[in-house]
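In the two complexes that follow, chain A is the common piece, with chain B as its partner first and chain C second.
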Partner chain A sequence: MSFEPTDIQDLARGAALLGAGGGGDPYLGSLLLEAAVAEHGAPRLINVESLADDDLLIPVAMMGAPTVLLEKFPNGGEGKRVLARLEDRIGRRATAIMAAEIGGGNALIPLMLGAQLGLPVVDGDGMGRAFPELHMVTFNIFDVSISPMAMTDEHGNVVSIDGVGGEHVERLARHVIMGMGGSGMIALYPMNGVQARQATVRGTISMAMEIGAALRNAREAGLDPFEALSDYLRSTPYYQHCHALCTGKIVDLQRETRAGFAVGRAIIETHGRSSSTTKIEFQNEHLAAWTDGRLRASVPDLICVLDQETAEPITTEALKYGQRVHVMAIGAPPILRETRSLAVLGPQAFGYEHDFQEIEQLNQ
Partner chain B sequence: MSFEPTDIQDLARGAALLGAGGGGDPYLGSLLLEAAVAEHGAPRLINVESLADDDLLIPVAMMGAPTVLLEKFPNGGEGKRVLARLEDRIGRRATAIMAAEIGGGNALIPLMLGAQLGLPVVDGDGMGRAFPELHMVTFNIFDVSISPMAMTDEHGNVVSIDGVGGEHVERLARHVIMGMGGSGMIALYPMNGVQARQATVRGTISMAMEIGAALRNAREAGLDPFEALSDYLRSTPYYQHCHALCTGKIVDLQRETRAGFAVGRAIIETHGRSSSTTKIEFQNEHLAAWTDGRLRASVPDLICVLDQETAEPITTEALKYGQRVHVMAIGAPPILRETRSLAVLGPQAFGYEHDFQEIEQLNQ
Partner chain C sequence: MAQNLRIGVDVGGTNTDAVLMDGDSILETCKTPTTHDIGSGIVSAIRELLHPEGTHTAEVRAVMIGTTQFTNTFVQARGLARVGVLRLSLPASASLLPLAGWPPVVADAVRGVSVLVPGGYEFDGREISSFDERAVRDAARQFRDAGLTAVAISCPFSSVRDDMEVRARQIVAEELPDAAITMSSEIGSTGLLARENAAIINASLARLAEQIVDSFQAALDSLGIEAPLFVSQNDGTLMNAGFTKRFPVLTFASGPTNSMRGAALLSGCTDGIVIDIGGTTTDVGVLQNGFPRHSSEPVRVGGVYTNFRMPDLLSVGLGGGSVVRREPELSVGPASVGLDIVREALVFGGHTLTATDVVVALGAAEVGERSKVAHLEQEFLECCRTRIQQIIVDTIDRVKTRAENQPVILVGGGSILVTQHLEGAGEQILPPHSNVANAVGAGIAQVGGEVDRVYSFDQLSRDAALDMARTEAIEQARQAGARQNAIDIVSVEEVPLAYMPGGSVRVRVKAVGDLDLDRFSGTSS
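Then we have the complex of A and B:
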């Protein structure tokens, strides 16, 4: 797999789409990755199947409200520092690293670090999208322990946490992130090859890059980018269900940074043959969408807001009043729709009362 | 030195006085210490002079708003756990432990731990009183690094911090404490014997116990406890300056838990030959006192509120509307009045504009 600037831009665009509005701005991550590749050469991408049983695989990510991530550009040393701390804590060096979430900038951070440190990067992640809380990953769902975990900020402060459970660690880490000014780099869920093969959503780095390439190729050829995107998604093993929810204008937008999250909602009005109103609620990522009061999609299925002209994915922090957008729903990878997964990242995990319904049922 | 229940009660009472309103409720600490002594025997108290140059001395304390400490009784395992984590981080076992602050319950916690673990406890602390923030100690003033530090809660979660400076660590630890529900046990400022001899306020465990004994003996003999207290303090090397500020009734009390601190003020009215109003402001500890608008005392000198009848010290969280109290000011140990110390724990470190003035000047 190649990591030319065009590939990195493709990956960033695909990661922004799979971020479902969250995961941090992939543009920052793409700059970091381009710089790392220019200095150290391309990272080596490997399949999770190629890991030895006793390999040590460590997922890494940025944590924090994306609104703050926009203002706090990582200086590049954080990843190395946070990985070193977790390795010290475990008493072993990592043999590979991985993305915790493919969505947003967190798709690119591990590749940057892999290039810098010469460590292979597993082609996969822990959700096939982005989610706002640390325990909302397949690693947790398949019983990989979140701790020991390590965190660092741009000043060089390092914190490590050994928690008695995922929710304890999430709460403590969220407080630490606030103490770090709203964002930081983390390394967590250290696992061996056996655990990794059970708990990884596979191939998502490649798929994100191909999503970006499909959009770019359609634009360059003057074709409809939404059609190209749908065509590509239908060819994948994970994302074959996708539905247009609406095309319209953002007429109301509420967004605030609360307890370390970007929380809010957007209202999109459609005019035309039949006018309608679509509401989207988000907590870093889009959580649920309703049209004229009827549920259209909700977590763990992906709700993606794209620019109406260019099909460029728009993160929740980049939503603007008056923006003309196209909203798509994409079915989550099947592993996220299993009962054990829905308990951790389904609608009720976010405080909604409704049961999860697949987008292909809701939008027949 | 003996640790019979009477001695422990004396120590708790003396520590409450030196807490200057803060440091946590010593009653909880005294119960923990009594239980530890009953099970393991008395802790061994040593002088800082007896440490070898390469000994590893680790101060331990409870951290958090005292209002919360009242509700979250430590279960006894925290001290062992937090010390073990810091030892793991350093790669050496502690050869002795010490109080970070002699004020309040934090005078008793290290003795409990010393009894449990069979570790000697240095007779001394890092301030000769209590202060609300982690960098407000002689250890910091004499260039001992605050980190690595470790923290734990009653659930078993453990966090360690390596900060790039005292204020970074204070901010991160304060956020962690909030994530721990408002209080936790900490181990920090690991130091060798050479550093300890430079940075320790000596003999404060013994002095606190003698303060408590002086009050108890006076009560038992039917003598004036305030006079007995003043007589004893004047015989010590550190606390020979003490002044009565007022005797009266609390007519106004504001107190809230904010950002992990108990913050507020009390107004005391005196009636008699000449009526007057004394205002005391506090942040966990009493910070400054004014009578009819005139400054009477401020940090680092100690402001102590005692029950008007029994001379029992009253912590800021136990202040009540209508309480009849006697307010005393006690000069801080000379090391705290040095210029380098005042920069860290003088009035301006707490946001006041006035320069530090010694109580013996203010109350001539």
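Then we have the complex of A and C:
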């Protein structure tokens, strides 16, 4: 796979879409990756099937507030350091790295490290989208231990955590991240090839890049980008269910912070021949959408808000009153819709009472 | 005698327009071709405005100029200064160097020397690392040795605390007394890269700004006008000549803003839809409270990522010069004869059927010779009329934020194309002088102040934080020249931030007030 600037921009746009409103703006990540590729050459992307059973695969990510990352970029030495700490703890060298989260900027960070460190990067991730917390990931759901995990900042401070479970580590790590100034690099859920094949959401790096390419090609050819996007998604193994929920304007927007999360809702009104009102609730990512009171989609299925003109994905922090948007629901990868997954990242994990229903049932 | 005489000038790519205003009323208008040297075009426009039997130059209290020159110069990468970039951030932010993501042509034109030194702040104002005076001085000497005279200084979270940028500027000024220095905190809002980019763009234009503002001033001097000179910013407010020399980047995108602000004044309508129909395109935007609604997408200028706030405009390919085709099906635009309309259009004896020919044939406008379009059959003309109306109606529908009909204000030379009531429009207003709305927007004479910063609502309480932001925005407006006690807060925006402690909220407050001309009267009468 090539990592020319156009490919990287495609990947960033696709990752932003899969962020379902969260995951942070991947622009910075795309610049970091471009710089790493210019200096070290392209990273090598590998298939999870090609891992040997006893390989050591380590997912890596940036953790913290997207706003902080916009002000304070990494030093460049964080990846090597955080991996080295985990390798010391485990007593072996990593043979490959991977994204924990394909949605948003974290899609690009492992590729940057892969280029920098010459380590192969597995084409896949642990979410198939973005989620707000460290335990909301397939690795956790499929019994890969989050620990040992390590985190580091630009100064060289390293903290490793041996937690008794994903939720405990999430709580502890949030405190450490604040001490690090609100942003740091983490390595966690070290696993072998057998575990990786069971727990990985496969092929999501390639898919994100192809999503971005589909949007770009449509725009360049003057075609309808939403149609191009749907056509592409329907050709993929995971995201073949997708529905346009509405096209309209944001007529109301409420936000607040609750326990560190950006929580809120947006009301989108469609008018013209048939008028309707769509409500979207979010907590970093979009969680659920209703049209005229009827549930249209809920987590873990993806709810994506795109600019009506340009088809650029819009993060929840960038939603604004008066914006003209197109809202699309995309079915989550099947692995996230399994019962054991829904317990960790289904509607009830976010405080809703309703059971998960697939978008293809809700939008027949 | 008139108390509040002002001249508004819009220096566009094609025309230099000027208006003479007294308060909110328009006394005189004129349109002249933009000249290569800009200055002589301004002189001839103002001279036409102040004809011998008209207003005396001594009565003019202020001159406001809107110009696209800085944007054009930057986008074309001509005549830019090379910039020394000093970023105080180490050990953070070393993974992405200044000018990252710039188009190579512009980056090559601007690249001087970039130096990263220790410093910078965390989100809560703590230091990332302490200020290193020697490292800053060394950097300044590197700039000097490289012959650089323009410097941009940035640091993480300088929007929260600017102390380090200020100290660094002092040191650089000691080593390079003649340098034009821009601190990112003076221009920017949240986002180091966007803020640093804006500072670099600004520094690269500083030398040119000196020349351009001086040429504006020379134009006024040659006319014997002693009134102070102001230049339009992208938010529709003004800055004085000295400020413009320091912050030329703030003129970017002032054109569309002026056009919409002018439309608001001319129509007396502060909330509605502005349709600016030119020769080739129609720009449609939304007025809220007398100001344009802004785009939410990050704005790139000449391909460079910035966080300037630009009016949210929808452009469609319809204008007075739009080419009308019968085959394969009836179409109007997006192809246009543009400036050649005076030769190409049928009414001017040309051979291309344009939208202007259609409205003249319909008897809805008097342009050129109507006899040259008398052969067009009525049925065909009505189809064209329907098509033109439909393009505009569809565009209105796309920008509308409410289902109910909203007032529509038509401006620009192509507004003759609208011959009937537009579906979806409430009141449809074609104000007088609408062909010089841009210059009117420049002449409105308001000044503003803006705060864009992250506050902790837990530390301060929401009310106290918003009060602080309001007070600072008002003070900035006052310093910019607004009349005390006549400054309004025109917008307050709060965006809570994810994963941040203590109710961290990004607050944007904007204050605007009328220019206090009495404060500048010392230089005029």
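Heads up, the rule we're going with is that the second predicted complex is superposed on the first by the 356 of 364 C-alpha atoms of A that agree within 3 Å, B and C clash if a C-alpha of one lies under 4 Å from a C-alpha of the other, contacts with A are read in each partner's own complex, and residues count from 1 in each chain.
Note that a contact is a pair of C-beta atoms (placed from the backbone, for glycine too) under 8 Å apart; a residue touches a chain by one contact, two chains touch by 3 or more.
Bear in mind that the values here come from a model prediction, so they are computed numbers and not experimental data.
Once the two complexes are overlaid on the shared chain, A:314 sits against chain C while remaining clear of chain B.
When both complexes are overlaid on chain A, the residue A:172 reaches chain B alone and has no touch with chain C. Contact with chain C, but none with chain B, is seen for A:251 once the two complexes are overlaid on the shared chain.
Of the two partner chains placed by superposition, only chain C is touched by A:322; chain B is not. Of the two partner chains placed by the overlay, chain B and chain C both lie in contact with A:155. Residue by residue along chain A, chain B and chain C are tallied for touches, and C comes out ahead. Within chain A, the residues touched by chain B in the first complex and by chain C in the second are 155-156, 174, 178. Residue ranges on chain B touching chain A, taken from their complex, read 85, 155-164, 168-169, 171-172, 174-176, 178-180.
Of all the residues in chain C, the ones that touch chain A in their complex are 89-97, 100-101, 120, 122-123, 126, 128-129, 156-157, 190-194, 286, 288, 293, 296-298, 305, 312, 314, 397-403, 454, 494-501, 503-506. Residue ranges of chain A in contact with chain C, taken from their complex: 22, 27-28, 31-32, 34-35, 64-68, 70-76, 132, 154-156, 174, 177-178, 181-182, 249, 251, 255-257, 260-264, 269, 271-272, 275, 284, 307-310, 312, 314, 317-324.
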